[in-house]
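Mind looking over this structure? Questions follow.
Chains: A, B, C, D and E, in written order; residue numbering restarts at 1 for each.
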Amino acid sequence: ACGSDSGAGGGTGSASGGGGDVQNAKVAFLMPDLASTRYELQDKPLFEAKMKQLCPSCEVIYQNADSDAAKQQQQANSALAQGVKAIVIDPVDSAAAATIVKSAQAQQVPVIAYDRPIPATPADYYISFDNEKIGSMIAQSLVDHLKAEKAEGGILQVNGSPTDAAAGLIKKGIHSAVDPSGFKLLAEYDTPDWQPEKAQTWVSGQITQFKDQIVGVVAANDGTGGGAIAAFKAAGVKVPPVTGNDAEVAAAQRIIAGDQYNTISKPIKIVAEASANVAYEFMQGKKPAGKTQLYNTPSELFVPTVVTKENIKEVLFDSGIMKAADVCTGEYAKGCAELGIQ
Amino acid sequence: MATDRQDERLQSREGLRGALTDVLDRARGGDLGVIPVVVGLIVIWSVFQILNPIFLSSANLVNLTLESAAVGVIALGIVCVLLVGQIDLSVGSVSGLSGAVLAVLFVGQGLPVWLAIAASVLMGAVIGWIYGQLFNRFGVPSFVITLAGLLAFLGLQLYVLGTKGSINLPFDSGLVNFAQLDFVPAWLSYTFAVIAAVWLFASGYLHAQARRKAGLSARSVSALAVRSVALLVVLAFVVWYLGQTRGVGWMFVFFVALVLIMHYLLSRTKWGRAVYAVGGNVEAARRAGINVRAVYTSVFVLCSTFAAVGGILAAARLAAANQSSGAGDVNLNAIAAAVIGGTSLFGGRGTAFGALLGIIVIQSISSGLTLLNLDSSIRFVVTGAVLLLAVIVDSVSRRSRTSHGRA
Amino acid sequence: MATDRQDERLQSREGLRGALTDVLDRARGGDLGVIPVVVGLIVIWSVFQILNPIFLSSANLVNLTLESAAVGVIALGIVCVLLVGQIDLSVGSVSGLSGAVLAVLFVGQGLPVWLAIAASVLMGAVIGWIYGQLFNRFGVPSFVITLAGLLAFLGLQLYVLGTKGSINLPFDSGLVNFAQLDFVPAWLSYTFAVIAAVWLFASGYLHAQARRKAGLSARSVSALAVRSVALLVVLAFVVWYLGQTRGVGWMFVFFVALVLIMHYLLSRTKWGRAVYAVGGNVEAARRAGINVRAVYTSVFVLCSTFAAVGGILAAARLAAANQSSGAGDVNLNAIAAAVIGGTSLFGGRGTAFGALLGIIVIQSISSGLTLLNLDSSIRFVVTGAVLLLAVIVDSVSRRSRTSHGRA
Amino acid sequence: MSVLSLRGIGKTFGAVAALTDIDLDVDAGQVVAVVGDNGAGKSTLVKILSGVHPPDGGTITFEGREVEIPTPAAAHKLGIATVFQDLALCENLNVIQNLFLGQEIRPLRLNDVAMETRSWELLRQLSAKIPSVRVPVAALSGGQRQTVAIARSLLGDPKIIILDEPTAALGVAQTAEVLNLVERLRENGLGVIMISHNMADVKAVADTVAVLRLGRNNGVFDVDSVSTEDIVAAITGATDNVVSRRARRGQS
Amino acid sequence: MSVLSLRGIGKTFGAVAALTDIDLDVDAGQVVAVVGDNGAGKSTLVKILSGVHPPDGGTITFEGREVEIPTPAAAHKLGIATVFQDLALCENLNVIQNLFLGQEIRPLRLNDVAMETRSWELLRQLSAKIPSVRVPVAALSGGQRQTVAIARSLLGDPKIIILDEPTAALGVAQTAEVLNLVERLRENGLGVIMISHNMADVKAVADTVAVLRLGRNNGVFDVDSVSTEDIVAAITGATDNVVSRRARRGQS
């Protein structure tokens, strides 16, 4: 374990305390959790790449708060102690992040709210697609599909972690689509820690309870969706349409195999690069104006795309977000071939 | 009179009736073994059945058995470490890591499944061995070692899953089938039940014979027969009832087999004795010439190995390995199962069967609440309350044990 | 010769040199008190400082002190329960609930802040009292009681926060200021340092006088003077260095004050003796006429109360109470801080200062790694490794203690 | 009139009847030796008197009133001080802390100096060979621990002192001191119950000898009018026993 | 030639020098009594011989070879069996499990019947009054436990048996049996080191008496040519001591 120590040190490139000009400036990129893989796998590298391109000598300080608002506060403070010129933050808790904005602004460091807004204390900029919208989009897509199929019965709803603010937003969004849909909401569940195993256990129980009444499952992310699918498989019954969110590779595979109905692909590349641009402008001392105004903050919003079997090829593969080589392995090769994904 | 029955202060206990008095007497003295846990379980089951009649349906109980297996196996390892008075906080991470390694080797690298399993299990064993070395060499409290392990192996799990984050195991692979769809055929289940009962009788009978020959008191044949028939009836009923829907899952059989093996190892081998001795009084064990370090190492190795096996089962059941596998309450559930099953956190007291009973209590609570569709806030509260209730039954008996001088 | 120095097997130890030999001798015997933890801390600090020169900057250390306070207070409570050989797994939930209650009463209901604080703290005390009753009445293991509490109070926290999920505390309230912006003026800090040093000398001197009068051996005046001057220098340096940026936060002073009070209670009162006795041998304590149940209850009450206070501090520092307050690793960090600070999980050994040192170790690791911009996977691994390293230093000394017959 | 008298005390552990129908009387200023074979139930009797175990049946009369002794604290309050066979010391506490456990001087600001002074006094009086009173009891030898336990029972102001094999681990000098101490206690009008396997000690200090055998009373003797052989016979239940055989062999 | 001989053994605990420069010799078929005041270092010596503590200095010669005894397992292997003063039993295990701890019959499928039979044999031989061997040791009386510890040392095939106050908690009959046992062991050619505070027992079975005082050798006596008074004087370091004063008072 000690070996990794030196490797870790190398990554930092221990720069001197406060770089004065934009040349050697630092920028903090603070992400909220590990429950979704996107922050580490997409947002961070994309933001870093764009930043490198804009300002080769600048340093990005990346931190992940692992769903802990207090830890995020600590990370922000430590970034400030390191003399960052701007903070890009995806808050764990939109309300609690107000403190971070306050103390950053008190030290003349601009804060860019990323992905989730900070309503209580206006940040300097807000770039996002919003989670509530995501929830309503995946649910609506499922409902539309069920209506088209003339399905009769009810829907299960698998929410995210009860202690996660983002999950709360998704949940709200899902309700906004499911409640007026005409399909009965059989039961819903807040999955502790977003754990797929928990979702599987719960769905298994509902299968014994409602048997074939279940015509669809709205799951708040791909992991819990996968758990729901495994529950149906394990019960030896037909898998109804199940939603997801995050467009993980595993979810893409399930969609290709026909196990999962949809997921949602967020234009993370666009968002990450946009935020890098904005951050760079702030670091240069400019004050970029937003496309719109939300929560008293200059804002820019982007729209995600729901991915189903119909459009998976163009959304995920033709656009280059995923490579066929990663997804079309083993048993999924056949499905890929059918959809024309190479 | 039998050699061990000569003290005149002993009340005499002969035959079937003697065996019964004995049990009653032990109960009065608070030495009830697993009975209180079973009573607690019955209470929970009745309550949930009243609240939702699906709870005790065959289908739900089949789910219950399958869902118990993974964490149950982990709890079995926890029982071992608790028996020597140590703890392992990292079983969750190790199980998650093991699932991840399995998925990467099997799906990612395309290795044969048995090789991937072997590698995961071996990794678990190596982790345990490292714990043992750190513990023996430096005397770092196992709480801290395994807390460090919890963090380190969680990190490793994320690292191994790498860019994918989540890896599907193919639904048609044998491993996933084993965890999801493979059930023991009815005839074989009944055969198992009969074998178990016959074996219980035969071994009991031979043992009693040997004791009589040596001039010691022994269980009467009738008592033995009653016991075996009771077992047969219970097992046959379970098999029949579960057979109403899908039957007994192989994964559950695997778990029960592990419990039986561990029970044998703990109660019938020199190693098992050493484990209890170290947990009871490590200095006395050392002075008796027991290689205390080897015992600690073996126990840590077992625990991590079981954690790895549990991780494989969990991944197989989910048909996926992902970043949050093994996170959350796997640790607490595994430790709680062991404790509820009567294993002492201070070492020296507990059984392998405790893990089985404990995990069934925990899964019953979780499954019962699943069927009730409560708000998550209420669900947490109720889970806590039910857990407490289940254990109070057990503890009231222990209170009487203390008042009878068996602290 | 002094009454307590007459045995001819004792080497003689007089004056300053005697005190020094004594320390060296205790070190050889493995009885080092907190020294190894301090050494571990120095190692960690040096490494992080080399890796990132900002680590030991005044600004970062100020952050460190403020971030230590909330979990540190919780760890202080944990030390108490560990001392009697029990555990409290629910401190995280209780702290989260307390923060939520505070926020709802203060912001939601508009009560005065002191009333909201009082209500939260009282709620903590009541929770502890309930734990104590359950433990004493039914003898349920505290692990299970507090596991049930963990779940139940997490549920209650979610319930209290209701649909909002997160409540901001106003930034201009005294409470938030106290946690974020209130620093002790420089002159007052120095005054504190001087008072501490003088008090250390005076109390030591009076004690030595009393001992001499009673014919017992006592520390020489020079040894006492050296000790106080050392303390003065250290404190003054700390104050000066932190004063380079924002200074010493009142919240940290509050935490240190609690540590000092607990140290007094544990080491200088009858109640403290009873706590150690119960942890060392509960049956012996009972036979000595100690009201063991009252001790357990008091300790659970203290622990939950401290958890509630810690929750209030955490909410104040974050200026918000939300669903995930107290979740995550608050429990583990608090327990780990106590254990790293030398508190035994088996009871009877540990000090209040251990909580202070332990939490500083943990926060240093966390803060140091925050400065190192690592992938989360690597960060977890490194956290585990550093934690282990820090404790190995301590444990190596304990190993020598065992080999010297003081297990 | 007796300070303490027991009638019909019984105690069962699981299948073992440890005590059946025990009677015993102790007067003020009287030393009662309780003797018996291993496992005869002597310590169980002591534990009942000191509130450690509740009896299954029977009555305890203390100073004329019938009392219950549900907890050790209740026994302390009545004025019954006990030295247990297993000593019941806290190994993690040092000698002073153990001595004053539960009866510290100045509860809210412990008076260490006074306690240390008093500790040395007590230990000196028992000729204890303890190099330092500031070491944890875990670091003491068996005899040193026993001395600590005995010293502890002398603190406070007991009316009855129960000594369960107080000299088992003591050296010759310490044993002699304890016997002296027992005599002093008797002179001060305390009731003493002393359990011992050493007939010489019993004959030296006891006034009456109560014999327990397999959990039952097996006779109460006046010490001056009974020979060691008779006591041994009552203990073992036979006049021809291993002790007498050894004695005969030793003589021949 | 002596089976076991120690030269210059020393051991320090913190500031206390528990043993300084100890010499001791034990022959086959010889019973060496080690006596001394409380805290004289007897048990420390025993622990060094049985591998519990490493000595700080000095040499141990066993059967002519200089040996190190770093662990109790090493002592067992050499053939040194020990009954510790604190007994070192596992309270959670029952009597049989304790007796056979570390030397179980049939390691992979324990032979309970054989072990139970042998346990009853051993206990009977020591006249133990134990109602059942299937109860945890925690439920035994002090003397019953000591009997278990003694019985344990007789398992296996030791060359030297070390008994640290083996009769402290035993009843009169059990004490006599243990003394008989020691004599049988001597006849079988084993070396026996017996620690005791009971001069009568020492005089009865020992061949030589080694006195320790405050951690140092204070004379080795042949048991036939030394009086009890002389031994006591060597132990306490004075001819006029509390023991002799009590004895005089008893006579007068």
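The rule is simple: contacts are C-beta pairs under 8 Å (C-beta built on N, C-alpha and C of every residue); 3 or more make two chains touch, one makes a residue touch a chain.
Just so it is clear, the model here is predicted, and its values are computed rather than measured.
Peer 1: Among all the other chains, which ones are in touch with both chain A and chain E?
Peer 2: B, C
Peer 1: Tally the contacting C-beta pairs at the B-E interface and at the B-D interface, and name the larger one.
Peer 2: B-E
Peer 1: If you take the mean of the Cα atoms for each chain, which one ends up farthest from chain D?
Peer 2: In terms of C-alpha centroids, the chain at the greatest distance from chain D is A.
Peer 1: Using Cα averages as centroids, what's the distance between chain A and chain C in whole Å?
Peer 2: 38
Peer 1: On a C-alpha centroid basis, what's the spacing between chain A and chain D, in Å?
Peer 2: Chain A and chain D have C-alpha centres separated by 73 Å.
Peer 1: From the C-alpha centre of chain C to that of chain E, how far is it in Å?
Peer 2: Taking the average C-alpha coordinate of chain C and of chain E, the gap between them is 46 Å.
Peer 1: Find every residue in chain E that makes contact with two or more other chains and list them.
Peer 2: Residues 13-16, 129-132, 139, 214 of chain E each touch two or more of the other chains.
Peer 1: Can you list the chain A residues in contact with two or more other chains?
Peer 2: 1, 34, 40, 162
Peer 1: If a residue has to touch 2 or more other chains to count, which residues of chain B qualify?
Peer 2: Correct list: 7, 9-10, 152, 158, 283, 376-377, 405-407.
Peer 1: I'd like to see which chains touch which, written out pair by pair.
Peer 2: After working through each pair, the chains in contact turn out to be A-B, A-C, B-C, B-D, B-E, C-D, C-E, D-E.
Peer 1: Using the touch rule from the top, collect the residues of chain B that touch chain D in their complex.
Peer 2: Against chain D, the touching part of chain B is residues 7-11, 13, 22, 25-26, 29, 31, 403-406.
Peer 1: Taking the complex as given, what residues does chain C use to touch chain A?
Peer 2: Chain C residues touching chain A: 51-54, 57, 59-60, 63, 67, 70, 154, 158, 165-168, 171, 180, 314, 317-320, 322-325, 327-329, 366-367, 370-378, 381-382, 384-385, 388-389.
Peer 1: Looking at the complex, which residues from chain A come into contact with chain C?
Peer 2: 1-2, 4-5, 7-9, 11-12, 14, 16-17, 34, 40, 59-64, 66-71, 73-75, 77-78, 80-82, 92-96, 98-99, 102-103, 120, 162-165, 168
Peer 1: Give every residue of chain C touching chain B within the complex, in rising order.
Peer 2: On the chain C side, the touching residues are 85, 87, 89, 134, 138-141, 143-145, 147-159, 283, 332, 335-336, 339-340, 344-346, 375-385, 387-388, 391-392, 394-396, 398-399, 402, 407.
Peer 1: Which part of chain A faces chain B closely enough to touch in the complex?
Peer 2: So the residues of chain A touching chain B come out as 1, 34-35, 37, 40-41, 162, 187-190, 192-198, 200-202, 204-206, 208-209, 222-223, 226-227, 229-230, 233-236, 248-251, 253-254, 259, 326, 329-331.
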